[in-house]
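Structures follow.
After this come two complexes, each holding chain A, first together with chain B and then together with chain C.
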Partner chain A sequence: MKQSAMFLLAALLSIVIPARAFAASADEIMKQSQAAFLYGGADFKARVMMKLIDKGGRERVRELSMIRKNFGEPGVNQKYFIYFHQPADVKGMAFLVNKYPRKDDDRWLFIPALNMVRRIAAQDRRSSFVGSDFTYEDISGRDIEDDNHSIVKDERIGAADCHVIKSAPKGTDTDYGHKLSWIDKSTKLPLKEEYYDKRGELFKVFSADEVKNIKGFPTVTKRSIKNLQSGHSSEAAYIKADYGIGVEDGLFAERYLRQPPAKWVE
Partner chain B sequence: MAHVIPLLFLLSSSAAWADVSIGGFAQGGYALGTSSNPDGGDFKSAEERFQLRIDAASGPFGLFLKTDAAWEHAGENADIELREAYANYSADMWDLRVGRQVITWGTGDLVFINDVFPKDYAAFFSGRPMEYFKAGIDGVKIGLYPSFASFDLVLVPEFEQDNYPDGARFHLYDPMPGVTDRSRENPASGTKKPEIALRIYRNIGGFDASAYFYRGFWRQPAMIPDNPAAPSRITLTYPALSVYGASIQGSALDGVVNLEAGYYNSCDDSDGSDPMIPNSQARFLVGYQRQFWEDFTLGAQYYTEYMIDHAEYDKNLPSGFPAEKKLNQLASARATQFLMHQTLRLSFFAFYSLSGGDYLLNPEAKYNFTDHVWGALGGNIFGGGHEWSRFGQMDKDDNIYIQARYEF
Partner chain C sequence: MKKFSLVEFSVDHPKLIVLLAIIISLAFMTQFPKIKTDTNPKNMLPATSAVRVWNDGVEKTFGLYEDMIAVGIVNENGILNKDTLGGIQRITDGILRINGVAARDVSSFTTIDNVTVQDGTLNVAPLMADVPKDQAGVENLRRNLFENPLFLNRIISKDGKTAAIYVPLEKGANGKEIADSIRELVGKEKGGEKFYIAGDPVARDTFGAEMFKLMAVFAPIAGMVMLAVRFFMFRDLFLSVTLMMDAMISIVWSMGLLIGLGFPIHIMSSMAPVFLMAIATDSMHIFNEFYFRYGETKDKRKAIIETMRAVSRPVQNTALATAVGFGVLLFMNIIPVKVFGGLVAFGTVVLRILSFSFIPAMFTFVKEEKIEKIARAQEIRAGGTSRFLRKLAGAGAYHPKTTLVVGLVLFAAALVGLTKIRVNNNLVEWFKTGNEVRIADTVMNRSLGGTSMAYVVATAPEDEYMKTPEAMRHIEGLQRHLEKLPVVGKTTSVVDYVKRINRVLHDDDPKFDAVPETKEMIGQYIFLFSMSAKPSDLDNVVDYPFRRANIWVQLKTWDAQAMRDVIKAMDEYKAAAHESPMRIDLKPAGIAYFNLVWNDEVLWDMVMGFGLALIAVFAILALDFRSVKWALVGYTPLLFTILLIYGVVGYAGKDFDMPISVLSCLSLGMAVDFAIHFVSRLRQRLREMPGESLSDALLWTAERPGKGIIRNAVLFAASFAVMIFAPLTPYITVGAFIVSMMLLSAVMTIVYIPALITLASGSLLEKGRNA
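Showing the complex of A and B:
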């Protein structure tokens, strides 16, 4: 009797434990992916060429320097300093973002023509970043706890073995119903993301078009996002990128918004 | 400017510029009044303008030049305007900027308490791009950045007044229209009276906090008649002014909240008994902005000016002069919506004086045709209140403006 009870318990555990482990690991994979994609190194610098392409193929360009520094563990606080080189009418504009988990960002904008620093309201991280198809979340990440994550299947993209993770927002304030992410098992980088609208129709596709190893960090150096409903798409390519460059905490301050140090925005 | 030029030469000969960039624009701007100007003309402004910007940097040194050449149709005159020209030096804990430069601080949206620097109201009311609302100063800015706070110290050797609309193009209220003998007295003439401005700022609990100090002059001239009862001659003068202020701004109530206050000490009228010189004032501003949906932001402000010695002012005001209220209250609202991947911006700005009943409305649509070409169409609508109210006097100056710019 006792033996059979033990056997039953063991059998139950063998069913229950892997299922629980499975559920936990979808969250774990997304955490690892976010750490690899958006938190690599203590700090990071890139010169980014962004192209906004409309349905008719007309291109607009946004060229910027982005400096990012982590404060604490991956998934925790980050500060971003963004300086615009192009187009001409926004050249010299600079942007400071303090990002906190589970709280609205603090954002400041410097407008050179007025020599003015403005604090700007930033409640919606699903908003477009400078008119592109990338949202603020695509640039700086989305809180893992905002979605329910589950592993759908494994699939290959090119030579890369990927987990396919389904993420369904817990709230209703998103512009999509759910998202599928293809996470490379070795680098943990998202190689593809599909956004489905609330009726379940595919409407937006992200793809990592080039991955390079920079100082030991696998880095998505070219990415694109296409809105299938509007026909508009955006591409971002790193012209230069580097990790562990020793960014001082003091960079993320009004002084440097008004007058960015040349070594960081070259 | 004389003090800047030797510095420019020194830098240009001693340093190899690592990075030089050149930019600028060609622009047309035209503002058509809905009724005729006092001089019979139709345009509040009509001009073509060319701007050249040169930016050079070498190590801790920097140079910046921004200069405009403009052809003004309404007045038929050409103008070269040096907008900014300065040299920078940047060290670890301090920096220095010498020359003509624009200084902007304070938290208001077109409401100024501690931003005491020169403004060009003529540019603003006649539909020129917003950057022309701020005028430069010829001076020195020293920034000090110890760890406990940041300091901006601005020294201006020669005071410059605000630029107000021209009576030939705008219907401006004049309390003494019969007196044509007028002279202007510059406070900087004779003995040079400098201006000094200081801002101390730091982050306090996630809020941007600043304290301000200014010693200088009112930038709007006071009209001093030789004899208030029967004036025959008016002197325009710029009375002495000190301002002590503070502001705080940060995330709150699902948006951004700002509070700003300032005490305007009118040093030449410390007992408030001279009605021709502005009385001392306490100014207060509260503002709120919030993003309600993607690319749509709404802002609202409440601003008040409290006259310190109103009883004294009232007692001494000659009969026939419009009396200012003890409390002046102003509300403003701004709505901004971006559309079409942020290439189209629709905005609406409104000022309404709660105490005077006068208003200013400014709707505008701006479209970026390409990365290099934009156009804007907008209007300025004034009205309400009395013929002497701030916006009420310009009741007949409503205008529609169009701007187009090629930027390179």
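Showing the complex of A and C:
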């Protein structure tokens, strides 16, 4: 009797202890991944061509310049400047995003037709970025602390050895129930993400379709996201991308929203 | 003659015939488990019909869902309190977890994003992220709801007592299972709210369930009623059961064939068993004659064969006429009507084959003493009914002119009634007043924008045009124009979204609740909107190249006339486009438009089918009688009956719907039986008894075959009378229609044929004798 109780305890411990150890490292992997994916370099600039494709194959195009600068360590404050080139009637529209961990972003939007800057308090970080299947979180990241992360298994994607991490949101304000991420062990970039809805069905798949090394930073230069339920998908490709370009802090100000310096949005 | 050999063969090998009938029936029965129903009103027209192709295209272009369930939440004390809002949150959350629900596009307080402005800051957030914790939160929600025209009359009623959740379904999802899951969710709510579940999928499934009820409960009851009436008429259980089996066999064969061929059961074909049972009563004439003949010959075999010889021609021809009446339906455009026509025509042919094989075979199993007893009883009990029939025929034969004048007066009155007929198919009103579907529809229509959905699709000559202020103003003007119609509850378009953003960007100043001045503004507002809403919100109202816009028009009634009004108003608006001629083309779409097209199709089908049936039935009569004049005589009472009934339909203000229009063709084919029997038997009598006077021959016909006619009519009516208690109004209509038509046409045949023959005896009788 006693022996079997001891055995049971040992068995329980063997389950609990490694799981706890893994939990810590899953968080660590996700942190590293976020740093590699969204915080590479001190600053970053890209010209992005985004395609919104509906079920019937019809496309809408969004072309934009994105400038990003880190303020402090990865995972801490970050600022984004986004300028739209296309569609033609929104040319000149510009976004300023101040991103803080554990707090809603500050966003400002410049509407050229009204020559007006408006602050936008967006509580809904899961909402669509400019009508695409990417959410604001897909663009600028999600707080690591918002989810419980755990390592599910290791798996290869193509030639890349990956950790597969399961992330389950702690709150209920998400459009998904949990997410699986395939994190490349060497680059730490997410090569694939699967979103499962609250019924446990796979409904959205992110994939990094092209990874290039730019100034020593492995960078996802082509990505796509497909909503399996609606049949809608979105692709984003970097036409140009560069790191360490020396963006001044001053760029992230309202007056530049109205008249961005030509060198950043050419 | 072939038929005779079949009869003799059947009489000589009765067991073989019965065994064969049973084996074939079992074979057809194996198909039954494959049964499927189709209650989707869209399938009334083929998938290739112009309206369906167009509607499918519109659905695809604007990413619209084919199926949507609406959940109504009513609290007489107002929705805006913490408890009810908590309920809405719980129910919505539950709905999002149901399989088959297109969760991403569910519209409810907690899933709709709202853009508001406060102190110059745009706020993009779910309308209700969480249940407000205090009264201030509730008031804030109230303001957000009532100041936004996009929400008013959609997710909340003007009086604040009704809220709605819209639940789109994935393609191929099981509407019934989802509706049941939602019912379970709302069943857990213990507050004072009332819940209503409406929408096409719910209506369809309820309809399907009622259809099964008709087939599984009402058809058997009709069969039992017929059995009882028949037993009362003949006092012979064995023969009553034989006729029942006759009907059952034809039902099994035809339904088995239908199911085996892969056709789903529609509303019309669900009525087929009752029709076949009724049509089977035509064999009544065989029984009637058999008893009389047996009384005369006392030899069973001889009586059977003589009976079959005497009735074979009228029975064959009535079967032909009935089959033609139903067969005409095959030429129609409404699919369920076509299938129904083919189904019953096939069943009728089966019945006739059985009349010449199965029934004579069954006769051989009855003991002779028993037949004798019944035959004697026939003679004795003949008194009452026969005296009545004699009187009826006497009225026609002895006072033909008076009879005719009365007829003409009724005819004129019926014509007036005909002009009052209103062609309309209101699918919701096909449910009885107390039905859950109808109640839900009434509640939602009373307080919200309207459950019947129409679209007006605006198409421009070039891409990007929908972003111009000009296009926007045209669409806005059209919306205001359409909203003047009392049947229109709410309209929604891309213009509403643009105006909303315009106002919000201008600190909620009502002055800016208007179409912006430039195309740039519109383009940028739409872009801004797309950041703050579900992608589908925009897709639902404009296409990708901004060449087409979709204006949602919610109607408060499913009447076809409502859509006709919308189209008329739409055309008016286009014609009156003031400053500049409109560069956009407007075209209606949506389920309401489908209903209108289908409705008109029903009318056209009816006119065409009725014309075809008129010609075909007349041709059969003329061929059968070998005389156009006799055909005319036989035809008149029939036409007269139908006119009278339609006159009553007109006066009663009853919608002239698909089942009624179908009946117009059928009734010709069925009621013509009476004329065929009467005229053939009269002429046979005149040939057999050359010395008898015309009026005596007429009275004899009324008395003897006339009794068969009346029995046939009563049996027919008895089986359809059961349908008057059915759960769906089309069944009730069909039941009432056929009961009155059968009884009336039997009486009309017995009164008017003698009158007409007496009046036209000069020219008719010469021919009659030659034939």
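Here is the rule we go by: the second predicted complex is superposed on the first by the 246 of 266 C-alpha atoms of A that agree within 3 Å, B and C clash if a C-alpha of one lies under 4 Å from a C-alpha of the other, contacts with A are read in each partner's own complex, and residues count from 1 in each chain.
By our rule, contacts are C-beta pairs under 8 Å (C-beta built on N, C-alpha and C of every residue); 3 or more make two chains touch, one makes a residue touch a chain.
These numbers were taken from a predicted model, which means no experiment stands behind them.
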{"item": "Room on chain A for both chain B and chain C (clash or fit)", "value": "clash"}
{"item": "Which superposed partner A:130 touches (first chain B, second chain C, both, neither)", "value": "both"}
{"item": "Touching partner for A:56 - first (chain B), second (chain C), both, neither", "value": "second"}
{"item": "First (chain B), second (chain C), both or neither touched by A:261", "value": "first"}
{"item": "Which superposed partner A:119 touches (first chain B, second chain C, both, neither)", "value": "both"}
{"item": "Touching partner for A:213 - first (chain B), second (chain C), both, neither", "value": "neither"}
{"item": "Which superposed partner A:232 touches (first chain B, second chain C, both, neither)", "value": "both"}
{"item": "Partner chain(s) touched by A:87 [first = chain B, second = chain C, both, neither]", "value": "both"}
{"item": "Partner chain in contact with A:197 - chain B first, chain C second, else both or neither", "value": "second"}
{"item": "Segment of chain C that clashes with chain B, given the candidates 3-11, 57-65 or 111-119", "value": "111-119"}
{"item": "On chain A, positions contacted by chain B and by chain C", "value": "52, 54, 60, 87-89, 113-114, 116, 119-124, 127-128, 130-132, 232"}
{"item": "Residues on chain A engaged by chain B in the complex (per definition of touch)", "value": "52, 54, 60-61, 86-89, 91, 104, 106, 113-117, 119-124, 126-128, 130-132, 232, 250, 253-255, 259, 261-262, 266"}
{"item": "Parts of chain A lying in touch with chain C, wherever the complex brings them together", "value": "52, 54-56, 58-60, 87-90, 93, 109, 111-114, 116, 118-124, 127-133, 173, 175, 197-199, 201, 227, 229-230, 232"}
{"item": "Chain C residues within the chain A interface of the complex", "value": "60, 63, 96-99, 102-104, 113, 120-126, 129, 170, 464, 467, 505, 516, 518-524, 527-528, 530-532, 534-536, 538-539, 543-545"}
{"item": "Footprint of chain A on chain B - complex, ascending", "value": "18-19, 21, 23, 25, 57, 62, 88, 90, 95, 101-104, 107, 130-131, 133-134, 143, 145, 150, 201, 206, 208, 249-251, 254-256, 258, 289-291, 293-295, 297, 338, 341-343, 368, 370-372, 374, 405, 407-408"}
